[in-house]
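The two complexes that follow have chain A in common; it is paired with chain B in the first and with chain C in the second.
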Partner chain A sequence: MANDDAVAVKEPKAPRESHARRWSGLGGGFIAKLLLMALVNALALTIIMSAWNAEAWAILTLSIVLIVGADIIYFAKRTLPLKYLYPGLIFLAIFQLFTLAYTGYVAFTNYGTGHAGSQQQAVEATLIQNERRVDGTPTVPLSIVRDGDTLGFAVTQDGIVSVGTEEDVLEPVSGAVVDTNSRPTEVPGWEVVSQNELFSDQDLQQDVIDLRVPVSDEAEDGSMRTRDGSSGAIYQSSIEWDDEAQTFTDKETGTVYYADQEVGNFVADDGSRLPTGWSVTVGFDNFVRAVTDQNLAGPLLKVTLWTFAFAVLTVLTSFGLGLLFALIYNDDRIRGRKWMRTVFILPYAFPAFMSALLWRGMLNREFGIINDWFFFGADINWLGDPWLAKFAILWVNLWLSYPYWFLVCTGALQALPSETMEASRMDGAGRWRQFRSITLPLLMVSTAPLAISSFAFNFNNFTIIYMLTEGGPPFPGTSGLGSTDILISAIYNISGVSGGSADYGLASALSIIVFIVVGIISAIAFRQTRKLEEI
Partner chain B sequence: MRKQIGMGAAFVATAALLAACSSDPEPAETAETTSAEPTVSTSEAPEAIDASGQTLTIWTDAEREGAIQTVADTFEAETGATVEIVQKNFEDLRNDFIAQVPTGEGPDITVGAHDWAGALVEAGVVNTVDLGETADDFEQVAIDAFTYDGQLYGLPYATEAIALIQNADLVGDTAPTTWDEMIAMSEEAGFEDRPFILFTNGTSGDGYSAYPLQTSFGAPVFVQDESGSYTTEVGMGGEAGQAFAQFLYDNGSAGTGYFSDTIDYDTSNQLFADGESPFILQGPWMPFFDDDSMNLVVSPMVSAGGETAAPFVGVQGFYVSSQSENTLLANQFLTNYMATEDAQRALYEADPRLPALTALAEEFSADPITAGFVASAAQGVPMPSIPQMGDVWDFWNAAEIQLITGTADDPAGTWDSMVSELEAAIG
Partner chain C sequence: MSEVTAQAPVRRNPSRRSRWWGEVGWKYPVAAIIIFYAAFPLVYVLSASLSSSGTLSSTSALFSDLSFSNYAALSDTSYWTWVWNTLIVGGASALGAVLMGACAAYAFSRFRFKGRRGGLTTLLIVQMFPQTVAFVSVFLLLTALGNVIPALGINSKIALICVYLGGALGANTFLMYGFFNTIPQDIDESAKVDGATHAQIFWRLIMPLVTPILAVVGLLAFISAFGDFILAKIVLVSQDQWTLAVGMYQWVSNQLSANWGLFSAGAVIASIPVLVIFLSLQKYIVGGLTAGSVKG
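Entry: the complex of A and B
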């Protein structure tokens, strides 16, 4: 029991416990912890109670687990490392892992505009869509009546009150009383449900909405329904749902639509389908589609190539230009260096989307000052030509991002040991040799990881693309993608957030691919940079 | 209840129905006594409904929030229900509605544009609305716009359409009636270079803005059936479409140069406000209507091809969620509170768009500018809300911009291949 001995020996010495555990003096540390934990618990309780009210059981369970975990960790003695890790782990789980897992899940479904909900919801929606008002029938005053558990409608037509239920056809009754709006207020043999009661009882409302009272023994005459509880009209459904067989039958044509769980639609034998579908798991279909769909694969390939070109070229050009300026303005002989450096940083200080919009205006073929001032009013279609638009994107992004590299390189240059430089000069190295063999390698040690993150950032640099060209000029075809679209803006288009029909499944699948690509490239690159440090 | 829907028509039309229900005369007789009785023993005026404890959630954008709040306040005061108004960006409403309604987190009602109807129906998130006889109080184009596959899916409240806006200081206040007349007026006033501004959304192209010109050649995007619903049959092919393509080409960079792909929103604003051109085809959202120093005349777009220049009419309105747990209350709110003239007036005052309620449209037409836009909308067609419209834009805009820039030197061929590609994509 060496351990115990060690503790026993140490005990007389300074106590190892933290302020937060020890009650010494005023006990400030402990009280602070207690207060903090009380706050955290209060917050958790609020969340738990809201979750209870909203009947969000997953959130409820999760919150309970997390808060119990937090209490155990922060009040137990043995969990010291977890005290530091726990908050971070929670945030990691919620903001990273959950999003990742959920995107992954969506990538394997056909979730999108036509497949938004569950099959049950699709059935309900289809029934709604196919229940039409019978032509030429009027809207009539209506009251809800009740006899025990049986609900019915009392309607006034031509001053005659008729009552009916789901089972019993509307039949005139005598002795009814109506109000000034002709709504029945008293019906012999029936209890009239007051509006107040109706609107304070949600279940009753639901029953009322679902209630259909046939107007005659002939089904094709339709049935009375109400939408607001005070007026009724005659409706006729043109489609019938068979819950056993899971089929819809069109009453007019007799076409039978089967629930196809492969595609998430009601499909007839002849291939026609009902508009509303539901979300189903489709396996790798989305991934396969991204590479095989004729409308999509070609444009996506071009987009991918351009994404790489854009990210690589942006990093190279802006790094190069930033480094060049950093070298020049690091020279002691230049006067007013501080002032000039400040001016250089300006593009970096403007919000990127604003600069991009400004450039968009300046690059306008007819009215932009670029053509007017620098090209003698020539008619250069900067944003309308596929190659010029690509160039414009690179140019504007260079303008936006070289100040960053200027800053970073200036800092790194100033941190270089001056002795090394001096030594090399004494050894007879020229400026170029110095730069190539000493400055650059040493600079790369600190800037290469930044270059990699800059690559990853530009790989997903949505702002510049969206603000400058919106991905245009468009490729021919319906892909909706264009010559300057990068993967992330293509995903944005496909997801339908910008309008048009949404396909979240495909968009998620592409996001996963982008994530994997960026991940792999970053991993390889970071591995490479470790070699740089060995210099 | 405050207002019952259309009793008048009920009395005229129901007799046959009841006769069908009851073949023997006896109930009819008792009914007659009933009908006599109520008139005597009519109870006191009906009180407002009491929906205390119920919450109605409405999504809106910032512009309309105030107006909806006014109506909601009345509704809350009269019914005791709580109305929760959630403000979102207009661009987010559609997709959020599609995403949230199936999860049960969606609203009961949302503000929206009519051309979402197709997507909302496909997603199964929207309920039908029955305005009953109140529907007759609205402009026909507004009701048609919210009608999808024969069913009404929303309560309209505002319409919008582009019209020909003319700077009367430059060319006088007589509105031209044909394309040639308009060009002549401009040239006379010294605007040979830019007699007319056509918005092309920069290099993206904008079929929406050029649509009145296109329809004046008789080339609608989709063919409408006799009920006014759009079919998926592409209508802009053939000779009419080719003629329009030729027209774009002849007036683009390769021809007169009237159209160019450099006109985006800011540029068109600036050009017109600076008096660089006397005519522009734009909507009521342009900022220069707030500027009193310009004398503007608004009139329906002139015809270039001989037929009526029909712009797309966009209609704003309210949708009810198919998963709402308060459908009754939501319908009460829409039909008895929102569809009233007072409420529609409040909406107009909060966000002046052309009212969809005919009475209000006529009332506000006292203002000549509003009258011009109303007249333009009246000769317009609803923007198709069928999902296939989503496929149209890419092909259509791209083809138009190619014609305008003159990069396509065979206008008819370019147009035909666009139409056939589109037909292939729609399937």
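Entry: the complex of A and C
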């Protein structure tokens, strides 16, 4: 503090301009900064423009705020600390703080498959899903046309060629040429896509099949679609949206579906729902579901218990084994200790994910060497039996983490005060007594915080579980969870981020529970290390 | 005198030897068992990688043949693309973590400003909540960002790097902050008196003095990017974008027995640099362990 005061007093006497603002001498720093900021601003401008095009208002606002903030901070004089903190803070804010907060928000919604967007999007999706080809309308000759990235259809109706895209309705064009089948072959202003190109390009085919060209400005009139890229037909939705009443009416059956804001679905009086809904906040429903849902509650409870068991047992076994080895080999009389130690810690130096994959092969039921070498070719289903799979996971995790504790304990043992040990020996303490009353308590002082953080790490050790068993063998039932799933791998399965049916709401609710557990553990560790005193 | 000394060993030999066995000797056979436990999977993977057939079923006999066909076959796969991707992702996140961490640590260590204490406390609390648990919202965030900026969307290495960098400040600032505080303030003060600006002090004076911690943080960031599976698997979708962890997982999970030779050859190649670095830096890593920041 004294130094700061000194500077503060000095500053007014000799008002020095910041190096980056001063235009004297070479000014290399200033030029470098100017170039860098020009680059950053250009980048931000591109992002702002594409956000404008994509109508992503949140991203647009955020990028404007961030770039204005950057310009102020790097060209003003009084923002010195922020000049150093800003880039890191942006990453922290977007990719950590925001994701944490967003997890908290999603946990209270029903966001997921069938509830993916806004109500507006759900209406549009429902209209498209219920599109049927209108009975009795003729198929018309059709060609795919392209202008840059924009795809469109050119159709010949009653001898007149019309062109339309997803955005623009079909409008007649003049000067088009058609072939003998009256398919348009040349359209002024458009490039006609050849059949050959269409057949060879999978992505293009999908785009063509998804393309809907409105027939008129009225959505009621339906849209032109194609299945084969050479003929088109008019499709209309069999369901009608009434914006005033916020209802869908099925034209065939007359069933009316009301927009229910509680559940985010269109619901009929008889309780039936349209498949596509929208995302709404549902309060504590996800948390309640996790403990009451018949398919989910049982497996989730087992998963939670196993998560704790896995984390505790892993720390205990690897700590125990590491400590034992450290005690045995912390002995000056052994020759070749350095060499031995290097081999002992090899599993730790081998990348963890590869160890898990390697053991997965070695524990293979039919061809794995564990059965082959140690069990005389017995048919032991290590990774397929619920209890053996748990044992295998603990065993593999022991193999790859005992060296850590061996290193830590060796270091801690060597740091023990030799006088204390000497004194206890003089007082006639036996070896066991010495270990229990002196070595272990002293050792715990330095290793307990590490044990706690190791627990927190293993609590979320997705890699070993997923690489070794993928959570399997599965529980009976439809939960999609398995005997060796820990909470984070269960969340992974439920969330559906890797495909399949997604339930982001429930997954986030479970993440919150994990956060709470890990937060409590960290708080305990935090009290132990008293890092706050360093501030 | 010489007779006594010559006789003594003969007389005391049996008891001395049994005492030696009881106290020291038994540790050698036990060490042999531990060495076997620690090393046999590694010896096995080396042997499997040298086997001429690439299947799991044929690898039970150790070193039954020595062929490099698995190593040669790697070039027909995407393996080297994955190595390259891993190096890019790991290298960029290490560099970013070092730069951002050093800047933050410098600001917190050298400047006194409003919100400094609050900022440090916030960082300390934030780092307690691992980013990986929030993977669902990372996925949703990247999906939304990808609609606007494809480079920051799903299936982009840049997006993955950004996600890793998001966790960098929380994880490393404290480690670096402590180290920066050990550099005496007098050095900056005297430079300031000589007319050096804050940027000059940072780049020319402080950075060279804190190189050890920069190396440690860079190494840790690289290792955690190298070993990360869950975020990489979510973000990187197509085969040509995968990192080693995602790609090799795919080899083993699809048709485990068929790709075993490829996997073992790939594992040997990827682990050798790691083993060499780890064993040569053993001393420092043990020091870093007690700071509680590596796997375990």
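Structure notes:
The rule is simple: the second predicted complex is superposed on the first by the 324 of 535 C-alpha atoms of A that agree within 3 Å, B and C clash if a C-alpha of one lies under 4 Å from a C-alpha of the other, contacts with A are read in each partner's own complex, and residues count from 1 in each chain.
Everything that follows uses one rule, which is that a contact is a pair of C-beta atoms (placed from the backbone, for glycine too) under 8 Å apart; a residue touches a chain by one contact, two chains touch by 3 or more.
None of these values were measured; they are calculated from a predicted model.
Of the two partner chains placed by the overlay, chain B and chain C both lie in contact with A:F367.
In the superposition on chain A, contact of A:R132 is made with chain B only, not with chain C. Of the two partner chains, chain B is the only one touched by A:N295; chain C is not.
Of the two partner chains placed around the shared chain by superposition, neither chain B nor chain C is touched by A:S272.
In the superposition on chain A, A:F462 makes contact with chain C only, while chain B stays out of contact range.
In the overlay built on the shared chain, the residue A:T61 is in contact with neither chain B nor chain C.
Contact with neither chain B nor chain C is seen for A:T420 once the two complexes are overlaid on the shared chain. Looking at the shared chain after the overlay, A:L85 reaches chain C, while chain B stays out of its contact range.
In the superposed model, A:L346 lies in contact with chain C only, and not with chain B.
When the two complexes are superposed on chain A, the residues of chain A that touch both chain B and chain C are 360-361, 364, 366-367, 470, 497.
Listing the residues of chain C that touch chain A in their complex gives 23-24, 27-28, 30-31, 34-35, 37-39, 41-42, 44-45, 55-57, 59-60, 99-101, 103-104, 106-107, 111-113, 116-117, 119-121, 124, 126, 128-141, 144-145, 147-149, 162-163, 165-170, 173-174, 177-178, 181, 185, 189, 192, 197-200, 202, 226-227, 229-230, 233-234, 245, 248-249, 252-253, 256-257, 260, 263-264, 267, 270-271, 274-275, 278-279, 282, 286, 289-290, 292, 294-296. The touching residues of chain A, counted against chain B in their complex, run 113-118, 121-122, 124-126, 128-129, 131-133, 136-141, 157-162, 169-183, 185-186, 195-196, 198-200, 202, 205-206, 208-209, 215-216, 221, 226-231, 233-234, 275-278, 295, 360-361, 364-367, 381, 383-384, 470, 472-474, 476-480, 496-497, 499-502. Taken together, the chain A residues at the contact with chain C in this complex read 1, 3-4, 7, 18-20, 29, 47, 50-51, 54, 56, 59, 80-81, 84-85, 87-89, 91-92, 94-100, 102-103, 106, 111, 325, 328-329, 331, 333-334, 340, 342-355, 357-362, 364, 366-369, 372-373, 399, 401, 403-405, 407-408, 411, 446, 449-450, 453-454, 456-457, 460, 462-463, 466-467, 470, 488, 491-492, 495, 497-498, 504, 507-508, 511, 514-515, 518-519, 522-523, 526, 531-532, 534-535. Those residues of chain B whose C-beta lies close enough to touch chain A in the complex are 1, 4-7, 9-15, 17-18, 20-22, 27-28, 30-35, 37-38, 41-47, 49-54, 79, 81, 91, 94-95, 98-99, 101-102, 119, 121-130, 132-133, 149-151, 202-204, 260-262, 264, 266-267, 322-323, 325-329, 331-332, 335-336, 387, 390-391, 393-395, 397-398, 401, 405, 421-422, 425.
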